[in-house]
Amino acid sequence: MLKEMLDNVRATTPLIHNITNYVTVNDCANTLLACGGAPIMSDDREEVEEITSICGGLNINIGTLNGNTIPSMFLAGKKANELSHPVLLDPVGAGASSLRTRTACKLMDEIHFTAIRGNISEIKTLALGSGSTKGVDADVADVITRENIKDGVRFAKELSAKTNAVVAITGAIDIVANSSTAYAIYNGHPILSKITGSGCMLSAMTTAYLTANPTQPLTAVLAAVCAMGLCGELAFAHLGAQEGNSTFRNKLIDQIYCLTGDLLESGARYELQ
Amino acid sequence: MLKEMLDNVRATTPLIHNITNYVTVNDCANTLLACGGAPIMSDDREEVEEITSICGGLNINIGTLNGNTIPSMFLAGKKANELSHPVLLDPVGAGASSLRTRTACKLMDEIHFTAIRGNISEIKTLALGSGSTKGVDADVADVITRENIKDGVRFAKELSAKTNAVVAITGAIDIVANSSTAYAIYNGHPILSKITGSGCMLSAMTTAYLTANPTQPLTAVLAAVCAMGLCGELAFAHLGAQEGNSTFRNKLIDQIYCLTGDLLESGARYELQ
Amino acid sequence: MLKEMLDNVRATTPLIHNITNYVTVNDCANTLLACGGAPIMSDDREEVEEITSICGGLNINIGTLNGNTIPSMFLAGKKANELSHPVLLDPVGAGASSLRTRTACKLMDEIHFTAIRGNISEIKTLALGSGSTKGVDADVADVITRENIKDGVRFAKELSAKTNAVVAITGAIDIVANSSTAYAIYNGHPILSKITGSGCMLSAMTTAYLTANPTQPLTAVLAAVCAMGLCGELAFAHLGAQEGNSTFRNKLIDQIYCLTGDLLESGARYELQ
């Protein structure tokens, strides 16, 4: 079923509006092109509603949020909701400052997100801090392991039930869940944490998968998360002597570019929880 | 004649002021260094006039325009006009939002551009929307082919006559024209559209060529457009198995770095229209 | 002694807050990860004090300063001083505009920097322009050579005495000095000037070295400067035919990723002045 998700991206070239940070924006754009989508970056309040309107999906990443871009996130998110476009939230650094926590929670309260993707610490911050997520039990460990995975799955399902968003918690083991169904994903490689932006790139790509597969958001997110992990494994396998994180970053995007639906189907390692 | 254009860039190291988007800014800077120029990026209104004054040319790219950078574009552009520095406009996304269209057209009305570079859709938007270009017949197809190239050439010449700018319309086939002379360029490779920023990089490089060749703007733009297309071909030819758009981007800049005047002269494929 | 500096970075993974330019920010983040640290980029005044508080060190780079980020530099710098975190200033382009010169000098007047890193022209601008550095004799040549190195050393020591910062002047020959001790470093390769951001990357990495070695700032800066130069040499040695500045940039970061304490110790070429 993952093959179909990727094939639909390549068949429809979804145009994704990104309001994202300036650290990894170039990698996000090239990742979107690599996976079969197309990027537009725009964050000025005077134009974000129009830009969102001509796109198919919206990716909101708060990585370098500021007084100019925060209002744009709300304007674009509300417009995307109006148009029933998929919207993804990447709450980068939620918990690291009150501005990030407050902004991420307010976005959750005012915008319906199709999917939320972050690490366990960021997602826990959302669960604890937002009016719309009040009552979610975030008593989960800070690293998801094979031992505590049931707790993570329960937490992700509960948060999904409260928010009506697919929840993707990424780390050494990833969890993708809606309120009733959850998957654990075992693809990936530790070197993914030695480049900046692997999470941002995944969020951008996930938005493309959601946009190309509007009726299957859970499977779309699962496919994108598997694809990024698998491409990380393949990219690492192609690293030569004296190559490090910078070459890995390039090979990661290259692998996303080269990835086929069949390869994704056969290389994905996940299980229903 | 193209050889001389490139050799003049390498001989004079033109310093280029870029007011450009944050998506592809790093690639633009490395492209300027690769071709033999030098970059400065600066977009705060308090300093752009001073920065433009110490540079040889100005590249204005509206890719992620906002309320802070738009006034800087006008200030820098007017200062560059005062100083008779070459100024290039890259109207990224003109037509995609009214802010972009309005800003691009107002820039055209208030600043004299030495050259304008965009895709056919962006350039048509300029022709339709600007006071200074009123009356240009923009009834041209949205893709320039060998069949409709005469229409594209007529349109580019007419726009150049109205604006007194060299007009570069880039796509699978590129057109470079002033009011009396036009060239079609056949260099390039489809993978150039699978990276973000090939247009932005070309605009930055073109500004360096214009600055190093102040008395021959048409030939300078022709040379830069041929150089980018040729380097795209060479970069693609060097791609190995399992390499994709990210490695292509690096090899493209590498080829610009390695390009010689002789190689440009022999590899350029263009014809007078 | 340099080996220990690097080993301490890898052992402690210092988290570095960067207020830096959008041109080279991605390279700075990947460089920090490559050397063994971890990056956070944040520049909004509403959060910079909190972000600095959760980090170990602060890197202030004025490369694309603007009206929004300048106040953030002061807020974060003062907070870092309060917390006794190492703070580094990279006065990119000081001297190129009055905004840059004024901002860099005011930062020097209001914040205590653990280290200052720039090229000779930028550092001279600081020495001439700042209240806190009044009286430093900046009558030094604009390029440091083996012939005039004594003048550069005297100037760097005098500036360090006035500011109580380690002063790093980088170029073909680098000087690292405090008020009593100075080193000349001979590592490096001319191609480092053909990529954008080698200085920015060094400043980010130096902040990580300072943070991991709080009691030895002079040796920490010396180690970082040697490491960057050595990695430049190694990266150039690994360049193949038809490779240029873009591949060099990737290989440079790769070499920082692969660098060991022993390799740094044996490859560093410096002498006490």
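Think of it as A, B and C in the order they're written, each chain with its own count starting at 1.
Going forward, a residue touches a chain if its C-beta (ideal position, glycine included) is under 8 Å from a C-beta of that chain, and two chains touch if they have at least 3 such contacts.
Remember, predicted model here, so these are calculated numbers, not experimental data.
Setting chain A aside and leaving every other chain in place, the chains that still touch stay joined as one piece.
Where chain A touches chain C, the two copies mostly use different residue numbers: shared numbers make up under half of all numbers in play. With rounding to the nearest 5, the Cα superposition of chain B on chain C corresponds to a rotation angle of 120 degrees. If you average the CA atoms of chain A and of chain C, the two centres end up 34 Å from each other. For chain B, residues that reach two or more other chains under the stated contact definition are 22, 26, 68, 249-250. Across the complex, chain A meets chain B through its residues 22, 25-26, 29-30, 33-34, 39-44, 46-47, 50-51, 54, 68, 234, 238, 249-258. Interface residues of chain B facing chain A in the complex, by the touch rule stated above, are 21-24, 26-27, 63-68, 93, 96-100, 194-197, 242-247, 249-250.
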